[in-house]
Amino acid sequence: MFFQVIDILGTIAFAISGVLVAQEKRMDPFGVLIIAFVTAVGGGTLRDVLIGQTPVSWMTNMTYVYVIFASTIFAIIFRKQINYLRKSLFLFDTIGIGLYTVVGIEKGLSIGLHPIICVSLGTMTACFGGVIRDILSNEIPVIFRQEIYATACILGGATYFLLQELPIVENFVFIISGLVVIIIRLLAVRFKISLPSIYKD
Amino acid sequence: MFFQVIDILGTIAFAISGVLVAQEKRMDPFGVLIIAFVTAVGGGTLRDVLIGQTPVSWMTNMTYVYVIFASTIFAIIFRKQINYLRKSLFLFDTIGIGLYTVVGIEKGLSIGLHPIICVSLGTMTACFGGVIRDILSNEIPVIFRQEIYATACILGGATYFLLQELPIVENFVFIISGLVVIIIRLLAVRFKISLPSIYKD
Amino acid sequence: MFFQVIDILGTIAFAISGVLVAQEKRMDPFGVLIIAFVTAVGGGTLRDVLIGQTPVSWMTNMTYVYVIFASTIFAIIFRKQINYLRKSLFLFDTIGIGLYTVVGIEKGLSIGLHPIICVSLGTMTACFGGVIRDILSNEIPVIFRQEIYATACILGGATYFLLQELPIVENFVFIISGLVVIIIRLLAVRFKISLPSIYKD
């Protein structure tokens, strides 16, 4: 129940971020809806396809469809006001990637994949909706260029497997790793930390 | 047999639309062939991957491969003359999306998915070949920006499920829904109808 | 063992080609790693998804992950020196596509697909990592525009099925077809051969 609320808040934040990008590109309502949709479910869909869990998860759980649809209509109507929600949306988004990272990791574990692959799956779940959004909008994906975003997911994922070595209840492993993702992301944005540049000039 | 003819006409129209876009980007013959191919089969391929029907359908039915190959060569050779065929191609394309929408819906139904998901699958089957074509050509997909195209598929799909409630033979449900897609598309192009703009300026 | 060495050399060449493209786009370290990764495993991943062999192969064989990771770090650190390795990398890349083409063909054969589809799968395995790299970097895929690259794979694939008609040991069919890919690619680059242009002006 608690996790479901987070899941829905994350989905809302992802969908609205899609709407904003699509509107910048002046897409029509159908285009806006599709971009909202792929931003929200794209990461999990890619994960499901790569590990062979089909039909992919949003096809068998209508909650996502309804939440994305409602968020899109809300964001189109209250376009001007969305700015006031920026902080809440950023928070939902950040809590969302914390959850999605751990969900992706556990999907990988459930079919016996190597920890490194599981962390990749977690990061993919959290980040690749945005990657597909940017490709469909004809942009180089923003997470390939700046911001500690994927890195937070990777570090949270590493935490998950470190904690598993310790005698900790599984639920705590889940929650602490998710929190690590969230805290790193918040600190990075607060203190404008980014990955070290690999370019001299 | 009747549906197979429509399927082939649709495939021809889709493949040639791919050739035209690829030539605008001055791709070499291999690039042109690939774009023709993904335009024609991309939507159905994405659908099959997402619902887990693999190997995807064009791999087990050589008709598509031959038709696409022949259409591509034809369109390259008769490049200058293609313009005279624009009206026929538009008609084939429109009949094609009518068929593909309903085929996609029935694939979804056959594995027990929710009507809304089935309509998404139908729309995907009809429209996402063009989306992949545009992405590979480094353009924002045209159906996200203008034209009643996906909308026709969605309305046809809704018709399918409305008709299913009535005591109508299944074959008629199939045909009428497909016709709805076709007629909406034709009317929209004829009277230059598009989705209402969500932008004030 | 011999094939494994080729596989690793090919993976190194593909990953480094990804690093170079990503650096041109001034991506951050995470972006560079992802582009290196998809360039190296993208073709095989697409093939596995389309034929339904999931989890896709790099998820169950950690060698790829380690090799790509090491190649990426190497290429970032020795960025300036990579130029001296251009010839070796070109050779690894060429030997790599020879191997991947035949591996892709045999995967298709193993599930009973038509020879033309098998050749497509081989070409996809060898070439589509680069296609996905270019799309993620917001470029029209380079193999759609110039260079005998895919064409070498297609001709090598055709050779495979021609040789199968003859009374030749299977291992030789494998090796000769791979060599055909390699030799055509080398000759094409050496003598600057490209596909005939289909544009007059």
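To keep things simple, chains are lettered A, B and C as they appear, and every chain counts its residues starting from 1.
To be clear about the criterion, contacts are C-beta pairs under 8 Å (C-beta built on N, C-alpha and C of every residue); 3 or more make two chains touch, one makes a residue touch a chain.
None of the values given here were measured: they were computed from a predicted structure.
Participant: Do chain A and chain C face each other with the same patch, meaning over half of the contact numbers show up on both, or with different patches?
Facilitator: different
Participant: Considering chain B as a copy of chain C, what rotation angle in degrees (nearest 5) results from a C-alpha superposition of the former onto the latter?
Facilitator: 120
Participant: Could you grab the centroid distance between chain A and chain C? Build each centroid from C-alpha atoms only and quote it in angstrom.
Facilitator: Each chain's C-alpha centroid was found; their separation is 30 Å.
Participant: If I count partner chains per residue in chain C, which residues reach a count of at least 2?
Facilitator: Correct list: 49, 52, 135, 138.
Participant: Contact residues on chain C for chain B in the complex?
Facilitator: 49-52, 111, 113-114, 116-117, 131, 135, 138-141, 143-146, 150-151, 194-199
Participant: Per the contact definition, I'd like the list of chain A residues that touch chain B in the complex.
Facilitator: Residues of chain A touching chain B: 22-23, 25-32, 34-35, 45, 49, 52, 54-56, 59-60, 62, 65, 76, 79, 135-138.
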